[in-house]
Each structure stands twice: as structure tokens, then as C-alpha cells.
């Protein structure tokens, strides 16, 4: 009883934190038809600054801390990233009117990490004065890249298998294609065209190019640049005078934009199977709870802080908004972007920021307190 | 004599304040042909941040203050906003070569409020260390919306009357149209076309859509969002670390842009009747003095601060630069935008910022000191 | 030995300073194929803010200092700016496969000043706690404008001489043209066309329009605006709350952009004679050393600070990236922009920032210490 009341009090208090308030404010003014627009170039530079700052924090922290402490949390991040894809493969993909490739791509996006959600989580922890290891931001790529790689590999294995089956059942092929279209399937011609170009030996998915593309994306580039600068140079002066003080303010603008964006994408969801809506609401909690549980193991064995456990849970509950979509579009061209981007931006992200962050912070405080 | 010398000393000192200095600097470098350009997206985000900050200030202040104190100043703001339109209707509109609809639209724009002018006024008051109620920024919509609504309603009533008269005098109609064109009138076909579409019963102007459109504009949206966040959430951390410290600096950039913009619009004034120039120079003082007088009533009866009186006068002397023009363009499509936007941007705004702010600050100090 | 070891230690330490680290970071992530992009509008506003801040600093400093102290450094700045062009005229232009007009334009660009390089130099001096006169930023136009004017005048004198010679040797003209093209020359038709339009009396180059165009460019406009505001108004409040604290952080973003830009321009260098590469590496050191030597004269005679000597050397080693190229393009239309912009952006600027700044700071510390 004490646990529940503590949790609820905390949950409500957090909705008043500037970070969550701006997100909800953005959704409300978008719903009221506001013509407010934050220019694209401003969003780009804000994302750059937030992720560079997270990278710098991580780099400076790693320089001054024991690298061994990171091993277990990083391993759990990898496990969560991979696990999320398989969860989608064996739950979402089995639901009616959901195409398997779309489900795998959605799993990849929900396994990948959103820099803004992580930034929001770190800020709420600071606002609530819950300590956490400063290097936890550096866990980002350990969950992000494995999720994207797994999704692309799993999708391609599935597509190749189906292709082989189709070749074998050439007599049934035509009727199958018609059925697929009738079932709301995205035209598979592009993928088929690509497959025909390759001979069977080339059908193995190359993993390194996917990793390379993830690392080159603007979000991870900025974060890794910050990490490297934090590790190998002395950026403290510019960190303290610029990146750190601007962080919360810039985040508030980005939260507003994400709130407005979420509202404007709601319409897209009507075009896809309603199971995406159910998945997008539930999955962030499931993923976060898995990571929270794994984080608790690190908490008891390696003295990983409760704040760090929350960070791990928050990045698990987040779904990628910047680096993920283009990587998936290139890696699984036959998946329908409306399905996975709509589910992630319109529901997954607001749920992760507005509900999961307060939920996991409350959970940590109720357990820790 | 003491009053006058006090006033003049103060006036000159204020021209050296960064806010006014950047405005004048912008006009000078534009006049010298500088190729300096501040990107559009930067101006957009600056306006957003200034108005969000004004809204946050107001919201936090209202939360901690007696709402009753606001009633009289808010009422006076409404009265001024409506009054300004009728002044234009019965002075500017009667002048030779001035079309009545253009005059009403101009009155609407000068009655509406400029967020940047208000921001400049608040900053000069702070620079001069004159205290004022923190919620005065929240008076903005109480003057802005009534002015725009009144202008659109008055213009449509006028246009309907003229239409009825024209229908009655159908014999004279053709020669009238020719006279109108000869007198430099803007083609009235679009308005006539719109009128023909409606039957007489629909000619009543609907007020709610005008209010709704005003509230949805980017300037008011940002301000009301800030107000709501200030009232209902705890934005203090982000306010103190971001919106408040950046305010003056961002304003200095915006003042520079407005100075350059004013200079570049001077050319447009040549295309319209010269009475607009006379009006744009005198009106900000008249409007400000009316509001200043009303504010003094609140000062003596309700203990409204002298700084608050100046804020009321400054928002009355300002003319809308962001939210006003599109609302008027939609509400009075037959009015000529060159007339009202040129008059406001090229003369009204620099007069309000560069002359009226120092004038009313000086007046308040001379009366108060 | 002590001198050399002091110098090397200092050099390495400076590469870890945020300013240089971000430059090198930018080159590295561009080399690794990062898709990170900093929007154009952000770069524009950063350059505006940096140069306005340098101008404000200079203006406030000049207001509070002895103007006579500036005379000798300003004179040396003019001498260096002019000298650099003549060095290019009599070294680079004599090298094989280098067109004389291209060499003169390159000299103009290397004689002109880069605001970002100067900002980086000032920041490194502050980071190393080396004192310098606050007005040294105001030396910028004293070197920049003479270099551009000299380059355009020298180029036009050269082109007129060649034109006269060509007219005299009309029999040889056709074969000469063919030789020129064979030698990798840029088509001279545009220049010839322009010359034909003018009668010989008009062939004198007008100096004032070149100066005027330099002053109107966005970089010098912003700096001179800041200078005037610093001199004649009271911008201290906005300077301390906005322009000064944001300086280093904004510079770090700009350094990143310049690093990425340098890498992306390397390809252009393949199209021009390789002597440009040699020149771009050596010239910044030579130009800086000349200015450093002249600065030492001011150090011993007028008590000009060692930090000031470094600033003079740094602006001499820099090459213009914003105001220079368009001025030269208009002033010497027959010169090939790929030659001078490629050499400057891809090599000259990174050498000046990444090597010359640490070199001259180290030199000053080794001499002074």
C-alpha cells in the first residue's frame, strides 16, 4: 500500500517536470490546431547538441571511472536490444493483418534507442535528484546497434525462406500473391526484384555494413564524437559553459516538437492494423521491465546504481526516431514505413517519455526508498 | 522644466540601451547596404523563445498573485484594443486617397500587439530598474484579440453596407466601379465574389472563428503555452537555466532584424497614400497615451505599478508583426496588405520601439520621480 | 633545448583544447563518412554571433583604452595584408602550371582574415591564460581589406598589361591563346569580353568600390556593427549575459563544421596544380612569422603584449572563408575559384587553426617564459 501510494504521488509530481510538461503541452497545442512551427534546422542542431553533451558526459565519466563497471550493463543492453526484436517476431508478427516483415522492422525500431527519450530520462533523474553513473548515456549504442542489426538479419532470413518456399511451390505462387495483396500486404515486388538480382550465395546478410551505417547516422555520430572528445581531449571548459547549461532548455523545445509530431502522426495509424496501437502501448513497458530486471541483477552483483537501472529501462522502452528509420528503410526495403514509424512516433515515444519514465523512476524510488 | 530635463536625459540614456541600440544599428547597416542576413529559422525560434518566456513569466506570476489585480488592467487593454480600430475608422479612413477597408485593417494591426515590441519594453524597464507586475506580459491577448476581431467585424459591416447600397443603385454601379479604380482602389472583385456566394442571412460575421485563428497563430500559441505551463506545472528549473538568461541576447538579435526589416520596407510605402506615413508616426503615441491614461486610473485605484502602466502603454503603441497580418489577410481579403503591413513594419514598429518606449519610460519616471 | 621541449609540450597540450579538438574531430568524422550535418542557418548565426562578440569586445575595449596603442599594430596589419599578396605574386605565380591571376587571387584570400580562425586564436589564448589587449580583434579589417584591395588591383594591372601586349602582338594572338589553354588555363573569354566593353581610360581599377564591398559583407558588417555598438552604446548587459558566455560553445560547433568542410574540399584540390597544396601548407607559417616579427617590434617599442603578437600572427596565418571569396569572385572574375577556395578551405584554414595557433602560442610562451 505504501509502495503504491509512493509510486502514484511520484508519478503525478513528475508530470509537472518541465520535460514531461513540454511534451504534453506539445500534444495539446497540436490537438487544438496551433500553427506553431519549430524550424527543422533548429531541431537538427538541438539533437546534435543533446547527443554531443550526452557523449561528452559519458567520455569524461569513463576517463575517470572503472571500465569494468560498464561490462555487465553494456551486456544487458545488448541482450535487451536483441531480445526486443525476437519478441516482436513471435508476438506482433503472429497477430492478424500484421505482415511479418513490418513486425520485425517495428521490433527493430522499438529495440533501437531514442536519443531524446534518453535525454528526457537523464533530465528527470537529475530533477528528482536520483544519482546515476555519468557513463550510462554511453550504453546507447550497445542496445541500438544490436537491435537494428538483428531486425535486418531476421527480416532477411525470413524473406529468403519465403522466397525459397515460393520457388518450390511455383504452382501456388500466383494465388499466394493475390492472397498477400488481399491481406493488406505491402507490394513485395521491390524485394523480389532485389532478390532476383542476387544469386542464392549472395543472400547472406552482411552485418558490418549495417553496423557501419548505424554508426554514421547523425545521432550516433554526434554521440560518439562527444564520447571521443570526452575521452581523449579536455572539453571541460566548453562542456561547463555551453553544452551542460543549455541541455535542459534545448530538451524542452525538443519535447514540445515531439509532442506536436506525435499528434500529427496519429492519423497515419489508421492506415495500418490496429494491433500496432496495442503493441506500441504495451511494448515500451515490457521492454523497460526486462531491462529493469536485468539492471537489478547488475545492481545487486556489481553495485550498479538504481538511477542507472532506470536509464537502462528507459532506453529499452524508447524507440528510435532519428537513426533507426533510415537504417531500417535501407535494410528492409519491403517493410512498410507507415507501420513502424507511425507506431513509434505517434504512440511509442510519447508512451516511453510520458508514462514509462515516470513509471520506472517511481518504481526505483519505491524499491529504493 | 525639471520634468522636461529629466525626460530628455532619460530619453537619450535609453537610446544607448542594447535593445534600442541594436534596432537603430539594424536600420543603419541596412541603410549602408550591408549584406548581413539573419536566417528566417533563427528569427522563428527567437520569437518562440521570447514569447514562451513572457508566457512562463506571466504564468508563474499569476500562480503567486492575486488574480483580482489583473481585472482592471485587462479591461483597459480590451478597451484600448477596440478603441484603436474605431480611431482609425473615423480618422485615417476619412483622409483623401485612403480606402476605408485598408484604414480599418491598418487600425486592426495597430491595435493588435507586437510580441517583440513588448519584449523590448519589458527589457528596457528591467534595464532601468523600474519595477512592474510580472504578469503584465499576460495582458497581450486582452488587447490583441479584441483589436483583430473588431477590425474584421467593422470592415465586414462596412463592406456589407456598401454592397447593399450598390445593389440598390444598380444603375450607378458600373460608373462607381470605374471611379473606384481611378481613385487607386484595390480591385474589389474578390470580396464581391465572396459576397455573391453567400445569401444575405450569412453576411453576419462570425466572431468565434476569428478569435480561434488568433489564438492558433504562432505568437499567441507560444505565449499561451508558456502561460499554461507556468500556471499548471513547475517549469522554474528550465526557466532559470534557459529561457530567462537567453532573453535579452535573443531580443538583441531580433531588434537588429526588425531594424533591417523596417528599412527594407520603406520602399513599399511609396506605393500607398502618404497619409499612412503620417498615421504610423502619430498613432503609436496617441494609442500609447490613451492606454497610459487608463493605466494611471488603475495606478491610483488599484495600486497598479507605474512600470505596469508603461507596459500597457507600450503594447498599445505597438502594432502586430507576426500574428496580425495573416489573420487580417484572411478576415478582410479586400484590404491591401501593402498599406497596412508597410505602415506597421516600416514606421509603426520602429516608432513604437525606438521612440514610444523611451517616451513612456521617461514619462513614468518624470511623474513617479 | 629547453625552448624546444617547452614548445613541444605546449603544442601537444593545445591539441586537447576544445577548439582544436572539435576541428580535428570534424575532419575525422567526415573522413569516416559520418552523415552528421550542421544546418547552414546555424552556421550563419554562429558566425554572426562570434563576429558581433569580437566587435563588441573591441568596441568596449577601445572606449576604455589609449587609441595610440593601436596605431603600430594596425599599421603592421596593413603591411602584412599587402605583403602577403606580393609574396604570392612573386612565388606561387612563378611556379609551373600556376596561372598568375589564380596565384594573385590565392594571395588575396590568404592575406584576408578568417573570423573563425581569429575567434579560435583568441579562445586558445584565453584557455592558456595568456593576456592580450581586448581590442586586438579590431585589427581584423586592417589586414583583411588591404589584402583584398591589393589582390584585385594587382590582378587587374597584370591583366591590362597582358591585354596590351596581346593587342601589340596580334599576329601571335591565336597561337598564344592555344598555348594558354594547353597550359591548363581557365578560359579568359569573360575577362576579355569585359575588357572589350571598356575603353582604355576606364581600365584603372577603382579602389573604393572594393573597400565598400568588403565592408558590406556579412562578416565585416557584423564585426563593425559590434564595434560601433561597443564604442557608442552600453551593450555590457547583453554582452555579459549572452554574447560572451556563448562564444566558446558556438565556436566549438563552427570548428566541427570547418573540419568537416575541409575534408570534403580535399577532392577539389586534385583538379588544380599541386603547387597550391605546397603553398597552402607553408604560406600560413611564413605569413604568421612575418606578422609575429613585426608584432615583436611593437612589443619592444610600444609594450604590445605577447598575446597581442600572437593574435597578429594568427590573423596573418589565416585565410578568409566568408567575406573573401565573393569579393574576389567579383573583383577578379577570370580567376578560377576552385584554385583559391580549395587551397584555403581544405588546407589553409586547418593548417592555420590546427598548426599555426599552437605554433605561435608555443613560440610566444617559449620566448616569454
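Think of it as A, B and C in the order they're written, each chain with its own count starting at 1.
Here, a contact is a pair of C-beta atoms (placed from the backbone, for glycine too) under 8 Å apart; a residue touches a chain by one contact, two chains touch by 3 or more.
In UniProt terms the chains read A, B, C = Sodium-dependent bicarbonate transport family permease.
Here the structure is a predicted model, which means the values were calculated and not measured.
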Self-contact between copies subunit B and subunit C, residue sets same or different by half: different
Superposition of subunit A upon subunit B: rotation angle, C-alpha, nearest 5 degrees: 120
Chain centre separation (subunit B, subunit C; CA means) in Å: 45
Contacts with two or more other chains, residues of subunit B listed in rising order: 39-41, 246
For the subunit C and subunit B complex, residues of the former touching the latter: 39-41, 44-45, 48-49, 212, 215-218, 221-222, 225, 228-229, 232-235, 237-239, 241-243, 246
Complex contacts: residues of subunit A adjacent to subunit B: 15-18, 21-22, 25, 29, 32-42, 127, 245-246, 248-250, 252-253, 256
